[in-house]
Amino acid sequence: MTTDVLTLGEAMASFRVAGRIGFGRPLTPDLAGAESNVAIGLSRLGHSVEWLGRVGADPFGPEVLRALRAEGVTVSHTVVDETAPTGVMFLEQRTADLTRVEYRRAGSAGSGLRIDDLWPTAMDRLRVLHLTGITPALSDSAAATVARAAELASAAGVLVSLDVNHRSRLWSRDDASATLRPLLPHVTLLVAGVDELDVVADGDEDRAVGELFATGVQQVAVKRGAVGASLYTTQGRLDAAAIPVTPIDPVGAGDAFCAGLLSGILDDLDPTARLDRAVLMGAWAVSTAGDWQGLPTRAELPDIATHRQGETVR
Amino acid sequence: MTTDVLTLGEAMASFRVAGRIGFGRPLTPDLAGAESNVAIGLSRLGHSVEWLGRVGADPFGPEVLRALRAEGVTVSHTVVDETAPTGVMFLEQRTADLTRVEYRRAGSAGSGLRIDDLWPTAMDRLRVLHLTGITPALSDSAAATVARAAELASAAGVLVSLDVNHRSRLWSRDDASATLRPLLPHVTLLVAGVDELDVVADGDEDRAVGELFATGVQQVAVKRGAVGASLYTTQGRLDAAAIPVTPIDPVGAGDAFCAGLLSGILDDLDPTARLDRAVLMGAWAVSTAGDWQGLPTRAELPDIATHRQGETVR
Amino acid sequence: MTTDVLTLGEAMASFRVAGRIGFGRPLTPDLAGAESNVAIGLSRLGHSVEWLGRVGADPFGPEVLRALRAEGVTVSHTVVDETAPTGVMFLEQRTADLTRVEYRRAGSAGSGLRIDDLWPTAMDRLRVLHLTGITPALSDSAAATVARAAELASAAGVLVSLDVNHRSRLWSRDDASATLRPLLPHVTLLVAGVDELDVVADGDEDRAVGELFATGVQQVAVKRGAVGASLYTTQGRLDAAAIPVTPIDPVGAGDAFCAGLLSGILDDLDPTARLDRAVLMGAWAVSTAGDWQGLPTRAELPDIATHRQGETVR
Amino acid sequence: MTTDVLTLGEAMASFRVAGRIGFGRPLTPDLAGAESNVAIGLSRLGHSVEWLGRVGADPFGPEVLRALRAEGVTVSHTVVDETAPTGVMFLEQRTADLTRVEYRRAGSAGSGLRIDDLWPTAMDRLRVLHLTGITPALSDSAAATVARAAELASAAGVLVSLDVNHRSRLWSRDDASATLRPLLPHVTLLVAGVDELDVVADGDEDRAVGELFATGVQQVAVKRGAVGASLYTTQGRLDAAAIPVTPIDPVGAGDAFCAGLLSGILDDLDPTARLDRAVLMGAWAVSTAGDWQGLPTRAELPDIATHRQGETVR
Amino acid sequence: MTTDVLTLGEAMASFRVAGRIGFGRPLTPDLAGAESNVAIGLSRLGHSVEWLGRVGADPFGPEVLRALRAEGVTVSHTVVDETAPTGVMFLEQRTADLTRVEYRRAGSAGSGLRIDDLWPTAMDRLRVLHLTGITPALSDSAAATVARAAELASAAGVLVSLDVNHRSRLWSRDDASATLRPLLPHVTLLVAGVDELDVVADGDEDRAVGELFATGVQQVAVKRGAVGASLYTTQGRLDAAAIPVTPIDPVGAGDAFCAGLLSGILDDLDPTARLDRAVLMGAWAVSTAGDWQGLPTRAELPDIATHRQGETVR
Amino acid sequence: MTTDVLTLGEAMASFRVAGRIGFGRPLTPDLAGAESNVAIGLSRLGHSVEWLGRVGADPFGPEVLRALRAEGVTVSHTVVDETAPTGVMFLEQRTADLTRVEYRRAGSAGSGLRIDDLWPTAMDRLRVLHLTGITPALSDSAAATVARAAELASAAGVLVSLDVNHRSRLWSRDDASATLRPLLPHVTLLVAGVDELDVVADGDEDRAVGELFATGVQQVAVKRGAVGASLYTTQGRLDAAAIPVTPIDPVGAGDAFCAGLLSGILDDLDPTARLDRAVLMGAWAVSTAGDWQGLPTRAELPDIATHRQGETVR
């Protein structure tokens, strides 16, 4: 069986609470991780995906694997590390508009990802390798693993996708720049939020995209939140407006967007259709609760654009 | 004791979930059914109402009766069928803007409604018979019962109200047309959503209303969601804007609207006041959770228009 | 140890429900009371505050004290009355836009506040005494206590703050006027909603403020809900627009506003900065659930204005 | 339509919490009241019952009526009092073995029951009048109403049942004695807990029963909790062991027992069968949650004795 | 990859409620089905298992597959039937001791299992085929599929296990007998509750076991609930007492027991150790909530017998 | 103001779940920590107590302080450490009889306790210093702090109490022995579970107690779970049976027991009365949910022994 996409990173137990974290107020854990979100998004759209990472031998590690398997994501190379805990994070919705994350992932099993976790034939029969700028922030060995994976994949002719995903609680913009820029020669598709482009390139958006293309990147996608997104290819810039939806949970929009974009690439859609799918996926993510739980199946995908708001299908 | 209104149809247990249906995610059952919603709306406004239908002898049937009795709706002619289950439906809020219904009502007790369930004196001492376009979609016998009821009522001089309520998961528009149009000669008040008029008449709204009047219909109410509604009488067209509210649950707005309209008729309000009451009731429904749970008492009715948004009465 | 602020009034158990009050629908009790809200707001901002009142010897009285102590508010002069119950209120969110309160505080321990509850040195080492127009509505002895406290404080050179806080379910505007106006000569800072100024002064806003200044009041703050607020000082009128936030619970905005204003005074901020802090605090209150639970610490205070909506800090 | 049983008393909103009452811990209100429990128990067993009482015009009053109507209990003579609140109580399960009640019923609408609330033909076409020792504890007028009702009923040849139900938080044993003993000449069936007999008669159980028979009482039922119960008739004493069940909520066992006993009388069962039904009903009450929610229908009644523990019927 | 065990049957969405089913009381759906329970039990113990069945294309079908995949159970031959609904059942805990099931599985996708769903190589590389007496009760085609599978497996030298699992709400004992007895010649291991043996053989336990052995059965396991279990092999009868635990949910004990027994067989344990494992698994099932959710991993398995009651491992 | 008792250690956020930890299953955090449990137990009984420790500057640290302040426990010397996280633990009720703890406290703020955190006058005006065998397991500096505190207290004539509280997930019995035995010369009261005595002394119970007395210990309390407890003083051994209660949560029984014992000492009760109070407190802990939430006030203390099981006080 071929695998369309491989992605690697840290998946955690994320504890969410509506409102402030407080004694006596329940929090509900669920799977979190940018790469696993993308993997699930792709799997729901019908692609075959593998996620690679490390989890601890505590109650959370098996849950991570259970959640990914449930979604049809392959986890067969994932390592269960008996010596380190599964990463945990707490996500408190401090106000209606402001969410805060408290990480407990320093020294986690997931951050211990290392080059040995890659296996010789990892890139065979693969079409896409998806990476994010989060994994290299976790540890030196994780950074080295990402670099090696990018190298191996590009050497094997596999499309390498990199989502900048800057996490200010993990490292500074400068550290991120220093680590991510050297990866660019191996990267085919670069995805960044409108305020993240400067991590990987300099100047205003136009110049930055030019600079990225100069390193060998072939597609640049720029996420603009409720505004929409753009896709730069060698043929130029395409813009897509966001789908008008009632946003209820912004977390995971970018990952859904990546899944849509990669799905479009896997299905050989033209750039416009690819961007449209990305934007559709982003809209699903913001209009459903959870980081990935509300993502659509292939059949559901168009529904978010074709029904009027508040409609009941019965 | 006289009964102001009789309505008949299927009432079910409706299981609702906030977000996707999923294992481990609780759903809460409650009474659902367009006709029972109207019955409750009228009862809360102080009218005496009877609901007629069939329920199963399982845990849900008695709950349907309990809920209706609690609301002061008479259920004394309702049949408990030992041989068929109470209808069940699942209502999943798939995105913030899109709700999906999954019915389990084929072969239900409720869909087994039959002419024998009408009793000889059903139309005596009645002022209104309220019907919907849902019941005839359930089974041949249910369709026949609706037809017979309309006939008997109009013969007895009882005002017959029909809400088109097209359910695309139950039947096609063509089937609905073929079944509902023959009822029109017995119908006094026809209620339809702006996109449902074509089920019962042809052409644009003006022509369609004309056609309806030609069959003997005397009032046509057109529901326009967040825009408001119109009422056509022999004196012409009246429009009412929707009451500005924060919508939190659109389900049941149309039924509340019907209850308001019929209440206005029972209270001999003039058409403008009748339409105003209908529009008030629709606003209550969308601004409260549940299909009918938030409907107002007679005393509360005006409150939704007279308080500023976010007001705390203390 | 000095206490920056003393406030007195009734604190209750407030039972909240999302939606209608109904059998089978859980309500969650929590601390409520305008003065205790202000006390908590100030304490979170780092000021030392004492709350004075009376609670019953039932399950709710100790909870009131527990909640206040948890927040670092001193309750050492509070009386536990073995002969009267702790006040209780029910708060039902009747529609998305309309909340209704049902009080059970007649004859409560809290309403039995009396002059004896003030102690000889109460005003020593105090900088602010905060009063509201609610306490005098509770009983004659409570009104007398408020009057005596205002008198003693102003005599001792303590800044007296009075929030009009008209409660129509407790007394009429006329009764409120008759009771509150005589307090004005002792009041330094008067806070009122835009529709409450007429309780304490006559004419349009300008004239009313003039009249208040004439009685000796030195600052008048006018709350304007989602619009913002104004502060009148001897140097004239300052306006501040509300911070744009997603409002999820309007209850407590005015109390948070007072806490912000008093905090600014305690920190010797200039009037503009004082009003800004008040407006920031009001925004926190409306954008978080509960009457006081979401109020910010000193460190969090600016966050509501400096992050974009929907931002996740991670 | 005849009514088999009339009962009168106070019905309240009872707020229950699992564990301690505390801020932040939800409580769920539901209908409570010894007489309404009996009414529901009888209605579920198929008897026609009316409950008479007074409720307030607040959110709780209509809920009381809704709950009773849902259960098929007639409430047509119940008064909605605009001037007094519906009684409220809080029920905290302080330890696994100890439950504490906090009443807020002084001055409640329900305690204002008065002789005028009885209507001239109240006792016509009635077979049983059921009274409890709680109602006379509420107010002088309530006590007078109970006395008058007992008098009228016994004069009309209606069986009068009295459950002693001593409530130590409402009155002393001496006060209860002084009020209840004069009722005995009108009482046919006296029900008491094994430690309550001394409220209505003196000496050990044998002597007390003898004394009761001397006043005209014809049946005495003694409830013995997990041990079972006894029924004294003119033919002597009958004992029934309790049905072995897993007890999960003791509240309401005595009321269920009364309903079973009265049901047996209404069905003309012999004393043994009557007591058996009472004991079955008591077992249902203790083995289901809530004061009355778990009571069986006529068809379910035997199930508690005929299935083995832990059985799943499928 | 080899599969140790194949099992086939119907898996459903089971809605559970603590207490009575009632409007307003949430129910939580989860995976249910005797065969899928066994599959999960085996997978948790480290065996490779496939489950075969049919699910509908509604919200519940994908959830069934998701739950099984999460647990590492292969579902690759399962059919998603677009024309029939996924079976649903409701499980109400009517009293502390009595649970009632309400099925909605007539005409379900799962009951449509047919011989074509078996694939030519289904029995290759298999060690055990596990069947239950529930599947043949669902439909003629399901019964035929079970029969064919048993035949094919025994022909292929695969151990065939059959759990009688009589469901009185699906068929009579006589019908079950008539359908199951002809399967016995293909059955290697027969599992039955102590009161179910008479479905497949006559006489007292001894005679019945003899009769079973005469048909070719080689092992007979008899489940005795809280008492324990027995295993009859050609060497005679072995008894094992139940592990003393606090039972909190009896559902699924028998399936866990089967999983333990089959696990022992797969691991080539001797009969005593096999029975011990079965009894351990049964104890886990009854001492944890849910039909299968609490089943142990291989590593956890002994814990239930080695810790004292109420122990906290920290 | 004098402080009766000082205790020091780590207090954490403990996340509890009923059943297995799993994604989608809510966990509720609350204060946990053996020493803080004892502090709360003592405070509820009316003693003045200070708790000393370190918490992080994350959402959990302030909650720890809030919970302790709510309970009237002084925390004025507690350090908020900006550089280390507040300890966290997860508590899963794996079966009805087996609870498992997963710690995330390595490197926590709390484990960073150091000698500097003691202040010069810490032991002045103190009557009891309470220590546990948990704190020294956390880090070398924590162990040193405990040792120094014991030394200072005994030098100041303060009663030093030590609860062995062996935590096998933190260290081995040998390590515990090596660290705790040297403390004994400073210890006045030694508390141990029946299976923990061997950590601090050798031989059977009698010999071990003798050995402890030889080191200078003056009282030894031995906890025996559901059996009860013993107290050895110089006058000999006293035994007390456990109070018969329905146990619902064993966590915290030992800490409650310590609080009762110390309360008895502070109130100068004789050994029998002291042990009785300890045993009463243990019964409260096991018969209420949570580690400390259900502990009684002084007034409630006797209730657990004086009411019959299942009693409702009303």
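By letter and in written order, the chains are A, B, C, D, E and F; residue numbering begins at 1 in each of them.
The rule is short, and it goes like this: a residue touches a chain if its C-beta (ideal position, glycine included) is under 8 Å from a C-beta of that chain, and two chains touch if they have at least 3 such contacts.
In this text the structure is predicted, and so the values were computed from the model without any measurement.
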{"item": "Least hop count linking subunit C to subunit F through chains in contact", "value": "1"}
{"item": "Third chains touching both subunit D and subunit C", "value": "A, B, E, F"}
{"item": "Furthest chain, CA centroid comparison against subunit A", "value": "D"}
{"item": "Fitting subunit D to subunit E on CA atoms, where both chains share a sequence, rotation angle to nearest 5 degrees", "value": "120"}
{"item": "Centre distance in Å when subunit C and subunit E are each reduced to the mean of their C-alpha atoms", "value": "62"}
{"item": "Subunit A and subunit B: spacing of chain centres that average the CA atoms, whole Å", "value": "46"}
{"item": "Inter-centroid spacing, subunit F versus subunit E (mean Cα positions, whole Å)", "value": "46"}
{"item": "Subunit A residues counted as touching two or more neighbouring chains", "value": "20, 22, 24-25, 66-67, 247"}
{"item": "Chain-level touch network, classified as line, ring, star, complete or other", "value": "complete"}
{"item": "Subunit C partner contacts - residues on subunit E that touch it in the complex", "value": "24-25"}
{"item": "Subunit B to subunit D touching residues, read off their complex", "value": "62, 66-67, 69-72, 297"}
{"item": "Of all residues in subunit F, those that touch subunit A in their complex", "value": "13, 15, 20-31, 58-60, 63, 66-67, 85, 88, 90, 92, 102, 104"}
{"item": "Contacting residues of subunit F [partner subunit D, same complex]", "value": "245-248, 284, 287-290, 293-294, 300, 303-304, 307, 309-314"}
{"item": "Subunit F residues touching subunit E - in the complex, by the definition given at the top", "value": "18-20, 22, 89, 91, 94-101, 103, 167-169, 225, 247, 250-251"}
